[in-house]
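First chain A sits with chain B, and in the next complex the same chain sits with chain C.
Right, the complex of A and B next:
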């Protein structure tokens, strides 16, 4: 190979010089992630309306206001319902389907393809598809309700039904992720453990408890973390299905930020919600991750 | 004969039924959307009935009033440029982060991974007003740089863990032959990155194509909109016209679903790579 003698080429005989290769990525993060985070923190201490030149610093007023604001407190509650509700159902469905699909049977590949399919669909479009399904007058679900002789149900304009609908829609859309993670985890468990357990006379349940669960533990941590972050960030589906309604009852923190910024033009206040949401996701995810990791050591 | 987890027949029946139920639940909404999209508004039959004749007006409405085709071209542009940047910058950054395990580099890698947890809406206010100041609202470069930054952590993560699994001996041999690290990266590392690049393209490509939360605000002009915000906007303008909304949704789903049916092995491999590395 030819050897160039320029100082630049000489410099790159040092391994450390390759560190320069991550500089472009760091510049993008600095401009489009870290600067907005810091700038957002600054805005959260002001009463800025989002466009005017004039604004004043109000100290922690926005943050104090957050905890008196019943719409915001309700949005925290909903965000946790979406985060944990979806995560729990996704693990149950994902694990149950994965254990079944771990066996060879006719239609196994087809099942996997279909159950994973909605993961690829944009959540906004998924929201529209379920809106058609759940519509009060023209929805397919109420067609059945009427057929069975009941009154139409307002799936999307009764708070509790709407919250349940949002959890179910997001669960069904992304349970394919958990399924794939658990399926990959199951396929890493050597068959000989089950053979040994069977020779020792273990029941199916014992084999599941003492072999499957411990081996699958890393996959559980990954799947729970991915699903939890996704659920706590939830925005698109809510925006299309209920737009936070009826009233403000089904807002997540994300949709409430959108409303506060663009409709109520309260950029300072919306920014403090943004800071809160980021801190909340960070704390909840890291805490849960640590708790789950502890369980792994004990196994 | 393999010995596996479920031995008894009485487990197989409920397990099979559950999988059938899941397939049904996943397909029914798409079936209903198809049925609604192909029926005229005057058709008052149940949403569960198959359309008796093929009716295309809903699709024409979605295309002309919802500007779905323009939006698809916009999405194609934004997604291809963003994927190119995501792969290039991700592979660049992945190399030193995989090979030089200094304390500082570990911090850099952890920070980049931490970025994945930032919810887009939490930086909406500052990002939007920053983009406004630098005239990046309603520009392709604006949204491309934003979505690239958003997907870059996943790309850096996948590339650096893949490069970690390439034996260092290859590079040491090349170094003895008089190659510097730039030559090593170009001639040895880059050609080996094909499989992981396929995963990066598929995973980040899906996210970028489907991106809604920030595109909704950064691309507010109808001529510049990408597919997800265009369909969202069309839906909220014409929510009384459910047939057209259904047609728009189907048009939006079509490209990725077709790709998925042909390349489903790669889609699923990409998902596994991202989760288990």
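Right, the complex of A and C next:
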């Protein structure tokens, strides 16, 4: 017992001192997140080419240029399509699957695993699988098209098709996350509410509307927030599936930053895009979170 | 408790001291190879590095294989002020990396630099910033199988009009006349590297203007007009936007694709898929019958040494080791290109006839590397693909290119 009076015992056995245990996490956050953020902000006011030791300050020029750049404006549009498009489809599919798999039937656990499995796969691999599926000459989809007597279609060469393909691939990969969140939410709803509703003569739809949805609201907020942030930051799938093409038409802000920073050697300008993306995700997420919170009801 | 803690600390210090002692006499060379871990070139680097280490016991060579973004990785290392000791300069030893590299012109092997590389690699005062493993001689890659099916002969193609006529024959024969890897993006920029010398150098002599910050608007428009003709005649691959170089190589190997404008590694990829494929590379056409076709020549696999390297002496020794005749022969053979030094002859196998043909024509350097300011490449790619996809008019593309050129030129001054 005497030994516990040393500094080591103070550190590990005194209740208040345990706070020190999150210092390593704070240091990692500061070094790998906070410092790059501040440094990126600084770089966004320069004309740095991304590798030279010299650069000059250009004030707000990069930020002014952002709103004159048609590629960037298009990337904002695409980012919002990916963010909201993927989120909406992931909620619909995730919820539908969760409700189906909440019922007991043979193979339920296997089905849950199959739907969740793509979440564990790298988006790059997922992108490659679908790239090969949609490939003009060797893709399975075009083989079917040819079998049906039509000419091959360059699915990823048309802007709209390419955008849809990206949304579908990302949705199919990550709807498992929504499913898990909604399943957890559904399993927390006490059966007594459904039994009471049944006694009162409520239909299945009414039970869904007045019991399931209100009880699932916290799960909706969590799922929407996670999926929205993921969709707004979308990078890997776009890179592998379309590489931002045709031309620049399917770039998200993230992929455009990559091109601008490394290919166009315009790191200052790319950093201003990064700062814009950070602010956009922050504003969109907080606003949506507040809107969803307003709709939350006490049950 | 205190005793055990003290013991742990003493043990830790002892381990660290042992580690530092064992590495104190060792010189490490970090080598960013710019080539994938699965390539014959990387395997050869591994073998040669081991041989060098065996002869130089105090040297340890760390080979870093390339990801898909070698250029980005090099730039990141330069930005951090922690460049590798040796890196592959991917065509930019003079134009982009000169200020970071050691001048190797006094090395023994430097006097044997291939003549074709002298205009593209030597600085104003004869500085040489990289050791060239090979010489990049490129033209228009063709599939003889596809050309035979359409009754096209490469000897009859001297102007772009001839080329388009040949493409139309290929189209009529059910082949893809001209395939470009639009998904990879950068191959689209090669349209400019291939066409522009014929417009701006051999025909209109705009070198002085380009080097003095005057953007040749009319000539750039003329260059993009040729690209627009490819588009409007419907001779380009339908999957342009989603095609990769692997797809093009596959098309060439199968004889489905007539032509592509790219470096010869695409032909080498096709040979891997089908070793007996009939593939070669031909001269680049010009604008008028009065002009002469040419080949595009440049630096390819070249290795530069960081000027602030702590293992400068050892890195130079390693490069000299690679430059030895036997080693360079193996290296150049592995990439299927003529060696960068004139002392070495390489068996180019399936591409021998094409190489011999190329010696009868003049060579032009990669246009962007010599005549465009550093950083202009992405604008070249973006504006050219804008024209191919009709996302930009030719006038818009020229205006955008002009503004990028002037901005970058002024930054570079």
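Brief remarks on what is shown
What we mean here is this: the second predicted complex is superposed on the first by the 278 of 299 C-alpha atoms of A that agree within 3 Å, B and C clash if a C-alpha of one lies under 4 Å from a C-alpha of the other, contacts with A are read in each partner's own complex, and residues count from 1 in each chain.
Simple rule for what comes next: a contact is a pair of C-beta atoms (placed from the backbone, for glycine too) under 8 Å apart; a residue touches a chain by one contact, two chains touch by 3 or more.
As the structure is a computational prediction, the values presented were derived from the model and not from experiment.
Of the two partner chains placed by superposition, chain B and chain C are both touched by A:135. When the shared chain is aligned, chain C comes close enough to touch A:264, but chain B does not.
Annotation for chain A, partner touching more residues between chain B and chain C: B. In the superposed model, A:245 makes contact with chain C only, not with chain B. When the two complexes are overlaid on their common chain A, residue A:19 makes contact with chain B while staying clear of chain C.
In the superposition on chain A, A:50 contacts both chain B and chain C.
In the overlay built on the shared chain, the residue A:154 is in contact with chain C alone; chain B does not reach it. When the shared chain is aligned, no partner comes close enough to touch A:214: not chain B, not chain C.
Overlap of the chain B and chain C interfaces on chain A: residues 3, 9, 50, 131, 135, 261-262, 267. Across the interface of their complex, chain C is touched by residues 3, 6, 8-9, 47, 49-53, 71, 131, 134-137, 152, 154-157, 162, 242-249, 259, 261-267 of chain A.
Touching chain A in their complex are the following residues of chain B: 2-8, 11, 15-16, 18-19, 22-23, 25-30, 32-33, 36, 46-48, 89-90, 92-93, 95-97, 99-100, 102, 105, 108, 111-112, 115-130, 145-146, 148-150, 152, 156, 175, 177-183, 185, 206, 209-210, 212-213, 217, 227-229, 231-232, 235, 242, 245-246, 248-249, 252-253, 256-257, 260-261, 264, 267-268, 271-272, 275-276. Contacts from chain A toward chain B in the complex involve residues 1, 3, 9-10, 12-22, 24-26, 28-29, 31-33, 35-37, 39-40, 42-43, 50, 93, 96-97, 99-103, 105, 110-125, 128-133, 135, 138-140, 143-144, 172, 175, 177, 180-181, 184-185, 191, 194-195, 198, 204, 207-208, 212, 218-219, 222-223, 226, 229, 232-233, 235-236, 239-240, 253-254, 257-258, 261-262, 267, 270-271, 273-275, 277-278, 281-282, 285.
The touching residues of chain C, counted against chain A in their complex, run 1-2, 5, 69, 71-72, 74-76, 78-79, 81, 182-185, 238-243, 247, 250-251, 374-375, 377-379, 381-382, 385-386, 389, 391, 411.
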